[in-house]
Every structure is written in C-alpha cells, then in structure tokens.
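Below you'll find the structure I mean.
A, B and C are the chain letters, set down in written order, and residue numbers restart from 1 in every chain.
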Amino acid sequence: MSEDSHMHCCNDADDTDLADLRERIAQAVRDVKAQTPLAQSFTNFVTINLVANAQLAAGGTAAMSFLPDDVIDTASISGADYINVGTLLPFYKDALPQIARAFHKTGHKWVLDPVAAGIGKTRTEILCAFRAVPPTIVRGNASEIIALATMWGLISPDEASRPAGVESVDEVDAAVEPARKLATFLAQSAPDGKAAVAVSGKVDLVTDGDQIYRLTGGSALMAKITGAGCSLGGVTATYLAVAEPLVAALAASLLYNRAGEIAEAKAEGPGSFQVHLLDALWNLTPEQVAASDIR
Amino acid sequence: MSEDSHMHCCNDADDTDLADLRERIAQAVRDVKAQTPLAQSFTNFVTINLVANAQLAAGGTAAMSFLPDDVIDTASISGADYINVGTLLPFYKDALPQIARAFHKTGHKWVLDPVAAGIGKTRTEILCAFRAVPPTIVRGNASEIIALATMWGLISPDEASRPAGVESVDEVDAAVEPARKLATFLAQSAPDGKAAVAVSGKVDLVTDGDQIYRLTGGSALMAKITGAGCSLGGVTATYLAVAEPLVAALAASLLYNRAGEIAEAKAEGPGSFQVHLLDALWNLTPEQVAASDIR
Amino acid sequence: MSEDSHMHCCNDADDTDLADLRERIAQAVRDVKAQTPLAQSFTNFVTINLVANAQLAAGGTAAMSFLPDDVIDTASISGADYINVGTLLPFYKDALPQIARAFHKTGHKWVLDPVAAGIGKTRTEILCAFRAVPPTIVRGNASEIIALATMWGLISPDEASRPAGVESVDEVDAAVEPARKLATFLAQSAPDGKAAVAVSGKVDLVTDGDQIYRLTGGSALMAKITGAGCSLGGVTATYLAVAEPLVAALAASLLYNRAGEIAEAKAEGPGSFQVHLLDALWNLTPEQVAASDIR
C-alpha cells in the first residue's frame, strides 16, 4: 500500500485537498522567509533564547516581553504572539490574563503553550482565566492538552483520567478527542472561526476541530535538548503571522520534524544536535517542508 | 609510585573501599541513564538553559520553577532539587526560605549552589535562612564554601580571612576545613545522616565530612564558558535523585572533568567547547566516569 | 584612491592620529586578555547567556545581577557595568534609576543599550530617568539612538521624524547627528569629559561627539541570531573596564565585525554561526582587531 493511500485511510482529505494544503504550507514557509514577520513571545526563562533563535532561523523576527505595557504596545506591530506559562513569576498572575484580554479585544492572534498544565495553583488560575479570552492555537504534549481541556470543562474528568505523562504513540491517541474538542472551542471564539491544536509526541497530531492530521518522523534527540517544544510553539506563532491556524500549526510541526531528522543524522550528541537543528531550520526549503508525510 | 598507592596516601580508603566506591559511582551514572530521574531547579537566568541541557545530557529530566507553589508541587515528583542563588529577584527573599522549609519538612533532598556568597544583603539573608533547613549537598568554588561556612558560624572569622577569590590549587586547599565542617553540619541535619560538600577548582574536592577526595583533570576552558559550575550543580542534583550524597557529588564532578577533557581536545574556542561538552556528557559511559583518578 | 586616503576623506584624523588610535585599540584588546576584568551586566533574559559568554570569549569576566543591593555591591569590584533595558520586570522601574544614580555618585562607568527605546510606558520612564545620571557609552541601532536622543530633548521632533526601523546604511546616516549630540551630552556629564556612542547597522558608526568613525564589514548572519547587539554591548563594557570610551566602543565593534566575517565563512546556518562567532571572539588577536578598516 502506498503512502498516498495511507493518507486516504487516515483522514478524509482527498488528493486535491491534500495538494492544496501542501501548497498553502509551502506558501507559509515562503512568506515567512520573504516577509520576516515579527512574532512576540512571553515565554519561560529556560528556553527563551532558543525560541528567539528558532524564530529567526525559520525566517521571522523575534521580540520578547513581560510587562503588559510592553507586550500590548509591541503586539500592535507583531503578526502574532506566543505565550508559554513555564517559569511563572508572581506578577504573571495578573499580567497574563490582562494581556490575553487585550489580545481578545483587538482580535490579535496568539499561540498558547500550556507547559506543565496541572502543576501549581497559580498556573491553574492563569490557564483557567484564558478560557474567556482564548488563544488561536494551543500547542503542547498530550498530558498538557488533556489537562487544559479538562480545566476548561471540555472533556469529563473520566476522559481525563487516562494515563498521561509518558511520551508515546498511545498518549497522543489519548489526546485526539481532547484536542479536537479544544480546537472546536477555540474556533468558536476566533473572529474568523479558525483555530488549531497541535499535540507533540512520537507522532504529532494537528487538528482544526474538524480534520485530524498525524505527522511522523522527527528525532528522539528532540527530547534530549530543552526547548524543542517551546521553540516549536514560537515558530508556530511566526507562521501564524502569515497563515491561517491549521496551516501554521502544520508548517511548524513539519519543519521541526524534518529539521530534527537532518540534525540527528549529523549530531554526535545533544550539544551538536541543537546547533544542527538551528542550521536545518534555516536551510530547509518551502518545498521540502510541504512534501512531508501528512496522514 | 603507582596511582593506586597515591590513593592510599591521600585518603584512608583502602583498595577495597575505593573499588566499592567506584562501583557505586558507575551505578549512579547507569541509574540516571536508565531511570531518567527528574531533578527540579530554581536557578539563575544566565545559565538556566545550560543547567537543563546538562541534566538532559547526563540522562536525567529537567524542570525549572520559581513560584513556591510550582516548586513545592513539582518537588513531590522530583528525585532531588537544585537551588542556585545567582540573579536574585525581590520575591526570592521570602520564596527561597519558604521552599527550603518545605523541603526540610518532607526530607526532600536538594543541592545548594551558594553563587556569589558574601555579595549583597539579600543574598546573605537568604543563605543565613538556609542554616536552619539546610541542603543535602553544597557545591561551590572555594570562596563561596568559605563564605557560607563563615556565615553559618562553622569556622571562625580568622579561618575565613584567608585569601580567596582566585581559582587555584591553594584556594581549594584553603577550603578543606570549611568544607569538612560544612559537610559534617549538613550530615547532622540529614534524615539519614548523609551529606556532602563539593568544592570546584583546578583540583576539585569532595567530602562527606569524614573522607576527603581530590579530583584532578578537567579543562581550563570550563572557566571560559558561563555555567560550567552551575550546570555541574544541576547534574549533582540529577545524581542525588538516584544515589547517596557523596556518590552523587563524586559522580557529577568526575563526569564533568572527563567531559571537559574530551571537549577541550575537540574545541577551537569556548563556543565549540560548550557544544562538545554537552555531547561528551551524553556519550561518556558509567565505566569511563568511574575509572577516573580519585585521590 | 587607496584605503588610507579614504580614511582622510571621511574623518579629519591624519595618519599619525589613526596609527595612535589603532595602537590604543590593540592595547585594549591585549589588556582585557591579560587582566580578565570584571564587567557586570543588568540585561535581558533572552540573550543574557550570550552576553556572558561573549565577555568571557573576549577575555573578560562576567557577573549578572538585578537586585540593587547585588548590583551596587558588585559594582565596587567591577571595572564597568552594562545595562540593557530589554525584558523589563515591574521592579526595574525603581531599581534601574536607583542603580544609575549609585553609578553616577561614584563615577562608575557604564554602557547603556536602549533596546526597544520608544516601546512601552515603563521603558520610556526608565530611559528618561537616566538623563540626569547618564551612562558613559550608549550602544544601539539607529532607531534606538534616534529615539533616545529625542526623549532626552537633544534633537528636535522634526529630526526624529525621519524614517527609522529598517536596518540600512541610510538609517545609520540618519543617526549621525543624533549620535554626535548624544555623545556630546554624555561627555559633558562624564567625570573625565569622555564618552562615546556606537550605532550598529550594516555600517557601524562610533563617535565621541567630535570625530565620527565608520566601520564596515561584519556579517548579515549577525541579525539571524538573537543577541549579537546585546553581547556587543556587554563586550563594550568589558573594554570600557580597561580603556577610554571611544577606544572601548571601537575595539568592541571591530572585534565583532572581524569575528562575524570569520564565523560566516565557516557557518552552515545561524546555529553554527553562533558557535564559530564565540570561537572567533576568543581567537582574534589584538593586532587583527586593530588592523581593521576604520574610516
């Protein structure tokens, strides 16, 4: 059975739809390289440097801010924003909801990375506050997606009680329904009705609430550097500055999987892997990204 | 005179003891690779990325947090914690003692890196507050170890007045008694009576308050990248998640010295040194680490 | 027309003056390698690691602090300080002016990087507060230099209304007068009457308020990693610890341009570019830096 027929089996897109999707993915990658759009980030201190460098390597421009007046001012010139709730500081409890409300008011697009969702009272309060003013895209691992969908009352605690926390194909499968319901909820809040959820794992899953796409490949070394997921979230915001949510989420995840494979082939360990990863993000062409396996 | 007889001279361990110690070091390195234990860090913003990447390269898992509710929640699933008092923010003055008290209450093991001990009123207050709820391991350079032992009243100001601040063999020698007294004090507070102090320098010194071990080798380039010491502290916490304090401190210091030598041989400057260092942390085997020179 | 006569045309220095300037630049590079001076930084969280690593690679020593008591204590042993107003936190609004006042009182030399000048109410308040207690050197891109000179009332809003925000030779040219006026203002506040302003761009511009120097070369990849400018600011502070402002600003900018060219020739993308950049900062000799094209 060919790869093409595999694509038929796993989602309802026919060849024409998929060819069209591939062209829109290629266009997003191309547009970022041509337009160097600014995506602003409010992100954790561990991987903030890699997020900026990955956005630059993908062809975009980066700015990082934490004060609401900075963030809201900069959002007026940024194509999309990225918010990652790692390494919280006390003032974030008020600042993050305030920023999300400002984005919501102006219809500004943003990507949420609900890092460590479920850990810590303050993080839970912040994530719950986002429900009323939700992001355009959520990107996380399966546990985080399930935890967020549960917090927001989109799935029952029963559905949420499945085992989580281990990276595996099964875990991504466990997140299919939570991810789809989350994407549907986000889309209902979006000014243009469009949103997406991306679940990172051994197999990645991307959905707009309707179609489900599974992306294979990548590298196991991704989990041996800090910030692979965070910087993928940042690059998703970079693509969101030029493309619609589903295309942005797919383009970023495909770019990362291809770059991971190239970097792994050249690396002698996690140190050189990160160096080659940034080089590969820079060197991959729109056509290489769009030709990837999508099921 | 053979290397083995050197070992006899410098510490009272006989061949059997040392062989047993080497096996426990190898086992710690092996256990981290097999179990990927989580060690959580509350660390400075300069080197937080390298701390996480070094813990991952050693085989562990990393999480970084600053809010007490985050840190205390995460500590319930982490094998050990790492606290580094660089780049203090105002809220740390209350947060760090609160966190240390929570660790003490549950007997949670942690490594303290008293970076810049002696500089700044706030840092002194925090370090003094830790005396009542002390860590399991302290790792620092000679000046920091001497400063902490003085603050805690473990050595007289006379002993503390020796010249410090220059990295040299002499300086590590100046820290022998402060380190031993500090380790003895920590052990008295530990639930199982076990603790260690590691002094980094041209020659490293590790003690449990009883035996003193001197570790040679490593690379002068370690001082030409930021975070060699901080990330060694983080990796010490990773080993502490699976081993007793003396073994954890020895394993981490030996791993770093061997990785430093490999990286220096391949590096063309401090940029490539850091890349090769992370690769070497990943590639070194338990046997290579345990076969190191220990005196 | 030879390179030498070009130098005549573009600034009034004759051959003897320029030879003397080159010798002072070489001496600054040499002194940093010999004396490993400490330069302390209060800088943004995105590039704080690269700032420290670049200062170390240039031969200096790095310390990063944010609490006023830490910063002011450490300044007593640092040769110069670096303040970068990226990624502001709420407490900076009081802390940064307090620190600048302490530096002013003791005549402590410092470099200001007015990152994102003009964005955010808090940043504007902080930058305005620095007017009364100004730095020794300001380093920024053309837009930032123009914005700061406007905030401080050194140029009229008319002059400030020129197009800015795009990196180009023209933009650096637009900053000539603002930079010269800013440098003159800084010099009037300096205890020894000496100050400098450095404008980074395709062509760099350095002025002490009197002479204007233009530095060519470097690498376009500098804009594809985060922190090239920030770390140049940090290295400027390292040189300021051993040299007068004009020489420090020239030495740092020349070192960066030469290192950028070497790194670009070896790089396969922005990931390897950063690695080679740090190696080149380490390996360049005082003579190589001083022999650079200066117009």
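Convention: a contact is a pair of C-beta atoms (placed from the backbone, for glycine too) under 8 Å apart; a residue touches a chain by one contact, two chains touch by 3 or more.
Heads up on the chains, UniProt names are A, B, C = Hydroxyethylthiazole kinase.
Since the structure is predicted, the reported quantities are computational estimates derived from the model, not experimental observations.
*Asks:* After a C-alpha superposition of chain A (Hydroxyethylthiazole kinase) on chain B (Hydroxyethylthiazole kinase), what does the rotation angle come to, in degrees rounded to the nearest 5?
*Replies:* Angle of rotation between the two copies: 120 degrees.
*Asks:* In terms of residue numbering, is the interface formed by chain A (Hydroxyethylthiazole kinase) and chain C (Hydroxyethylthiazole kinase) classified as same (over half shared) or different (under half shared)?
*Replies:* Both copies, chain A (Hydroxyethylthiazole kinase) as well as chain C (Hydroxyethylthiazole kinase), present different residues to each other, with under half of the numbers appearing on both sides.
*Asks:* From the mean C-alpha coordinate of chain A (Hydroxyethylthiazole kinase) to that of chain C (Hydroxyethylthiazole kinase), what's the distance rounded to whole Å?
*Replies:* Distance between chain centres: 36 Å.
*Asks:* Hey, what residues on chain B (Hydroxyethylthiazole kinase) touch two or more of the other chains?
*Replies:* 45, 49, 89, 274-275
*Asks:* Any idea which chain C (Hydroxyethylthiazole kinase) residues touch chain A (Hydroxyethylthiazole kinase) in the complex?
*Replies:* 44-47, 49-50, 86-90, 116, 119-123, 223-227, 267-272, 274-275
*Asks:* Where on chain A (Hydroxyethylthiazole kinase) does chain C (Hydroxyethylthiazole kinase) make contact in their complex?
*Replies:* 45, 48-49, 52-53, 56-57, 62-67, 69-70, 73-74, 89, 91, 274-283
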